[in-house]
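Take a look at the structure below.
Letters are used for the chains, namely A, B, C and D, taken in the order the chains are written, and counting of residues starts over at 1 for each.
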Amino acid sequence: MTALLWPGDERAGELMSDGAVLIAMVAAETAWLAALAATGVAPADAPRDLAELVGPGDLTEVTGRSEAGGNPVISVVALLRERAGPHSSTGRWLHRGLTSQDVLDTALMLCARDVLDRLRAESATQVAALAELADRHRDTVMAGRTLTQQAVPISFGIKAASWLQGLLDAAEELTDLTLPAQFGGAAGTLAAAAEVAALSGSVEPAKTALDLAARAAAALGLPAGPPWHTARATITRLGDALVRCTDAYGRIANDVLTLSRPEIAELSESAAAGRGGSSTMPQKVNPVLSVLVRRAALAGPAVAAQLHLAAAAAVDERPDGAWHTEWSALQLLARRTVVAAAQTTELLAGLIVHTERMRATADAAAAGLMAERRSLADLGPDPGSGSNDLASYLGAAEELVDAVLDRAARYRGVGS
Amino acid sequence: MTALLWPGDERAGELMSDGAVLIAMVAAETAWLAALAATGVAPADAPRDLAELVGPGDLTEVTGRSEAGGNPVISVVALLRERAGPHSSTGRWLHRGLTSQDVLDTALMLCARDVLDRLRAESATQVAALAELADRHRDTVMAGRTLTQQAVPISFGIKAASWLQGLLDAAEELTDLTLPAQFGGAAGTLAAAAEVAALSGSVEPAKTALDLAARAAAALGLPAGPPWHTARATITRLGDALVRCTDAYGRIANDVLTLSRPEIAELSESAAAGRGGSSTMPQKVNPVLSVLVRRAALAGPAVAAQLHLAAAAAVDERPDGAWHTEWSALQLLARRTVVAAAQTTELLAGLIVHTERMRATADAAAAGLMAERRSLADLGPDPGSGSNDLASYLGAAEELVDAVLDRAARYRGVGS
Amino acid sequence: MTALLWPGDERAGELMSDGAVLIAMVAAETAWLAALAATGVAPADAPRDLAELVGPGDLTEVTGRSEAGGNPVISVVALLRERAGPHSSTGRWLHRGLTSQDVLDTALMLCARDVLDRLRAESATQVAALAELADRHRDTVMAGRTLTQQAVPISFGIKAASWLQGLLDAAEELTDLTLPAQFGGAAGTLAAAAEVAALSGSVEPAKTALDLAARAAAALGLPAGPPWHTARATITRLGDALVRCTDAYGRIANDVLTLSRPEIAELSESAAAGRGGSSTMPQKVNPVLSVLVRRAALAGPAVAAQLHLAAAAAVDERPDGAWHTEWSALQLLARRTVVAAAQTTELLAGLIVHTERMRATADAAAAGLMAERRSLADLGPDPGSGSNDLASYLGAAEELVDAVLDRAARYRGVGS
Amino acid sequence: MTALLWPGDERAGELMSDGAVLIAMVAAETAWLAALAATGVAPADAPRDLAELVGPGDLTEVTGRSEAGGNPVISVVALLRERAGPHSSTGRWLHRGLTSQDVLDTALMLCARDVLDRLRAESATQVAALAELADRHRDTVMAGRTLTQQAVPISFGIKAASWLQGLLDAAEELTDLTLPAQFGGAAGTLAAAAEVAALSGSVEPAKTALDLAARAAAALGLPAGPPWHTARATITRLGDALVRCTDAYGRIANDVLTLSRPEIAELSESAAAGRGGSSTMPQKVNPVLSVLVRRAALAGPAVAAQLHLAAAAAVDERPDGAWHTEWSALQLLARRTVVAAAQTTELLAGLIVHTERMRATADAAAAGLMAERRSLADLGPDPGSGSNDLASYLGAAEELVDAVLDRAARYRGVGS
């Protein structure tokens, strides 16, 4: 991974790392081999846990042999076959009925599942933290700002609630995503799977082939379905959902960055030991988490668009380059989203709200913040009666905060 | 609209045209004004159909006055007020409680609804046409191709079914989209709405403000909810769904373009009178619909990504430029998607399938297309028994076609 | 044009408007027809100014007939031929030897030339304004800010000089761009041109064909050269240069937006009558020019990337959709860049620098701003001797401002 | 690096790898330290080759400590200081006067220089190979194709020449790029550098600071100049030039992919041992190099656009996230471009041209390919005289090939 140039990358651990993808490719092969035996297609001595044969320690070898086939699966299969013994039952039955796209797409779904599990956990924590902030600060008056200028009073509670809306939009979508296994064979007909079934005596080889796909998917814990070699909505929806997360995180980070400017000073990141330091200026405490979250938010959309472009450029029964652009894009997007999620969780957990400063700034700006209200006075029976009390011009902020908190409670109920 | 440089633009008619957006902005103002009166906030003589005052004929004037406010709403409101008479009841109550973002966001949702209606209609036609093709050609053998090379036999039916999967992925999502109204006032608190309610004697002005928003939304036929000024998933989901459509159309067009190359000649676009001609070569019949659909598919992802970037760059209670990038991006994406949808509908309706040529090419390539099968023979009891009959090596193609057709039938049931 | 949803669009006037592109297509045809006659290929009565026959008034008709051919040229040629009389000398010789890509690419280059002329004029004004600001404010002390936090003192002069560097980087590139004519015929061999030359008795038809291309290019004031139908660096360089302009404008606008926040208040846009108003808040004076410039800067990169994608997807002697994505992208990018340029020119001309507020903020933050200096004191013989005078810690700011001003002077010398 | 999911990555070796960037950061610190001593600012015992202290073996530690500072420089400096001994002369003087952006930007320029060196070498080989192909095949007749359909005859020589134009457009730009060092200190004023100069007794500390920057740049072999912390054309120009390379490679790969379809079979990739194999279909020889080159071409534009977005979002004296998106984007783009360059070089070196098949296809299509010519016959004195000989309808192909070959010769002269 490009860890050096993406500070915080380690927060994603092994999620969709090269090693994790390799493990997942081997798991896909293992599940298929087991299904071949379970359906009586392959002999009982064929299946084994292929993870015993090839693992992350083989990354360099696998990687170095991948270009010739255009993808890493061919070299994984070759290595597995070598190590199992090409004439052993395992070596003979391995990968029979599959195509490399089956293995790589399924592996990416397995990795994506772990990524979504992590993101859902982060979301639950974030939603709880933000709900607490929105609730606690429903009476914390501050200046609302539009187009950089002070507009009308708001509460910090309703600002937090608007952050929370974005998080919930992203989080709810994570819950809905489907990550199906991919088992279709060379051109999506399961022809080789049916053929090996027939060779083994199946009287309904097509049905056996579908059964193989269903069993292998079930063993991996993924939904089965028709192959999606060239219908890539599975991939684009995943990408869109990931970038919807970084959109939501970025929107929060932007506010923290703006409001932690010293001239505004209404929010601060928690000053963890050693964080935010400068290489040369000892006084600096930079809002580093927010900077790095914003980084991810600015970088996400183009990567997700790459996945759409791959879908749009699909052709034939497997495209000539478009598919190949997906793997790295998905890996980058997934890991960066996890990193940003973890940073956002920490950011929210430690966020310091300077309520007095909010109030003081708003009070000093009261004449401007209440100008809209004054402009409405002519509509009433008694022009000029409008109070100048900021807290009295918050409209339905309370009710809107409640509505968002209700939604958060429902999400947390579902998620728990 | 940039009609000259986007041939086929006229297929989108007035959907999300400048004129349509203007009409929708005026409709949003009309609905709000009516709600003000219906809740007793404004007097009974305030509401009127503002479309009588300002319409597409005023586009040039509205547009020319928009820069000063940074968006077109301010000039629309000014023009409405001028024409209603600034001191008339309509002129006095117009736009009270709203902010320009409310009006423009709501207007875009209204236009998007019409766009989705049209896309759903196109989808229904496309799904029917493709289901018919998939069913009719389940026994039409052709060469499956991967990475540009002949791979194993497939049927044209399963190819059509894979196109159909992509269409259904996109079409089902169109059914699920929510396009909420936006009514929040200057900073999303409904403060001005509550204020005018209070001035008119409401004892629960916050509740009245929420009621105003609910009524105005209902009058427009849009769902109500908390304001989403800076939580832009509504916009990004819409953009993602639109580009998921062009992804699916593009994938079809790519196959038509490839398979209508004269050296392959397995598909042709219907030769409508005068279509596909060249400015200089009289023999040419270019697959123009596919070319133009592919154009839209290549251009879509970057525009949808722009909407994500806007979401990711949101800040304060209204951002300083990010929001402003959304309008034109959404308009382009929506109109181009409609154009591509209509072209795809026509493409599918007229698609000519050269079944003999498919068969002849596959037969000539049979040795290669059946190589996978031969390679499996050693797994059986009787190596070499594998027939060389292409139709016998289609695996579960029949069953997979059926599965996709079932899904199409469910979609059409839902959609009807 | 999508004028309603891109406020300020009218600043671009007719530059690369649909009408301008149509006029330029007709001009390309006129120049070619004249060259045919000048080389003796066509008779003397063939050439005429085709602008008399077709012009912006025909946009609707041309546009409506463009889809069938996939581009607008075929319908322009048909209309020209109709109006000239298909059997007239003009009607018979019109477009002979050309292909539609020749006409459209050349037309876009003609329009791009006008765009660059305008941008160069704006650049000259901007550079002069910024050079003046940088020079005038070389002693205006303010807080330097990094990662949103106050860092060390700077002068507003050096900030303006850094803006100026970006402008010069963009402006110098505009000077270097080449916009060649495109004359290659159906597949870039000039075969039809040579053929008509041969038919007219040319003994060296290939040479005559090249001569035709050279003459037509010269008549249009564009450089000639080999056809570039599928070698699209001409287009991508133009796009990159345009977005380099909006990058530079955006960087300025971002600073103005930040520094005109009321809590910072170090810069303001000039408050032109009526500008920056809100639809509801009477006190608001929004930095509208900066908002709109930032909008263009956020939207530019994805459009320029579309041009690269078109180049990367080129295939055959004319691609099947990639080329078709270029036209609208180039139009959008060009017009938006011109609009942003004009807004930036006005922004710089009216920029108000609040020098006292800069100084006051910096003074109040002096302890922090000078912390780096204090941290260096241990390196000297006399720790602690460092003065706390902000103006004494500006390093080589003077010299750096001078270096940028020198560069600006050289640019202005070249440009004049 | 994400080697597993970008097959062929190893072709880029260590170019702009994490290790190379780390080495380059240390080299920038070494050069600055040496300059401090050479100007008499630091004592003579301060400088040393810091590569002795920190190197690629420390990547894990450096990376793991980078998030706190938001970039890797702070942890590199900390590690260098620890290892040099914080109280040693080296430890005390290290990094004095610099900011982390200076070190990282300069390091990226050093790595980019190596990348450009490699790309220029690949370009020279590619240009030679293509010039040879263009020259050899100037009489090899084939069908020209537009919008996927056969158009008019061309030679393979002129097709190769059009590929060559694209390569030259990219290659010439690589020669022109400037990669300046970045030395500006915390806010681009060189204040700390001037301060340490003053502390060491310099009477003209600003001049000494500029001298330090010039010396350090010279030691690294990079041009010096004013800091460009927020004027990012250096980065965007580099990115644009890289993607212009992959645009050119992709355009070639697209043609190879199309023309190596078995139904066309006019070109083949060299069948290197073991390359292009399938995981399941023994007969397959996939055009893997072209697939992987096309992959890079499809993925490049969005990454280069990310660099423009970073430039457009710059703010303050160092931006709050935009800068942070550049590093990884530049690394990806640079490495992928080198991989694609090497693959293109190999592709061109081994390209097999099936001249008989080209001719046979063109002959079989002669009636259509000559239709344009026939349509011109009415312009001559003797309608119908046009020969049907394909080779006689190549227009100025010879002359155009010569023009491109001349340009290639000039490039190779310059490059040698």
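The rule is short, and it goes like this: a residue touches a chain if its C-beta (ideal position, glycine included) is under 8 Å from a C-beta of that chain, and two chains touch if they have at least 3 such contacts.
Everything numeric here is computed off the predicted structure, so don't read it as measured data.
**Student:** Same or different: do the copies subunit A and subunit D touch each other through matching residue numbers, with over half of them shared?
**Tutor:** same
**Student:** Consider the two chain pairs B-C and B-D; indicate the one with the greater count of contacting C-beta pairs.
**Tutor:** B-C is joined by more C-beta pairs in contact.
**Student:** Rotating subunit A so that its CA atoms sit on those of subunit C: what angle is that, to a multiple of 5 degrees?
**Tutor:** 180
**Student:** Report, in whole Å, the distance between the mean C-alpha point of subunit B and the mean C-alpha point of subunit D.
**Tutor:** Inter-chain centre distance comes to 37 Å.
**Student:** If you average the CA atoms of subunit B and of subunit C, how many Å lie between those two points?
**Tutor:** About 30 Å, centre to centre.
**Student:** Counting only residues that touch at least two other chains, what does the list for subunit C look like?
**Tutor:** 70, 99, 145-148, 151-152, 185-186, 192, 257-258, 278, 280-281, 286-288, 291, 297-298, 302, 305-306, 309, 313, 320, 372
**Student:** If every chain is a node and every touching pair an edge, decide which shape results: line, ring, star, complete or other.
**Tutor:** Chain contacts: complete, every pair touches.
**Student:** Which positions of subunit B touch subunit A when the two form their complex?
**Tutor:** So the residues of subunit B touching subunit A come out as 70, 92-93, 96, 99, 144-148, 151-155, 158-159, 161-163, 165-166, 169-170, 173, 185-196, 198-200, 205-207, 209-210, 225-233, 236-237, 240, 243-244, 246-248, 250-251, 254-255, 258, 297-298, 300-302, 304-306, 308-309, 311-320, 372-373, 376-381, 386, 393-400, 403-404.
**Student:** Which of the residues in subunit A end up touching subunit C in this complex?
**Tutor:** Subunit A residues touching subunit C: 145-152, 257-258, 260-264, 278, 280-288, 291, 302, 305, 309, 313, 361, 365, 367-368, 371-372, 374-375.
**Student:** Using the touch definition from the top, list the residues of subunit D that touch subunit A in their complex.
**Tutor:** Subunit D reaches subunit A through residues 1-11, 18, 21-22, 59, 62-64, 66-74, 77, 95, 98-100, 103, 185-186, 192, 253, 257, 272, 274-281, 286-288, 290-295, 297-299, 302-303, 305-306, 309-310, 313, 320-322, 324-325, 327-329, 331-332.
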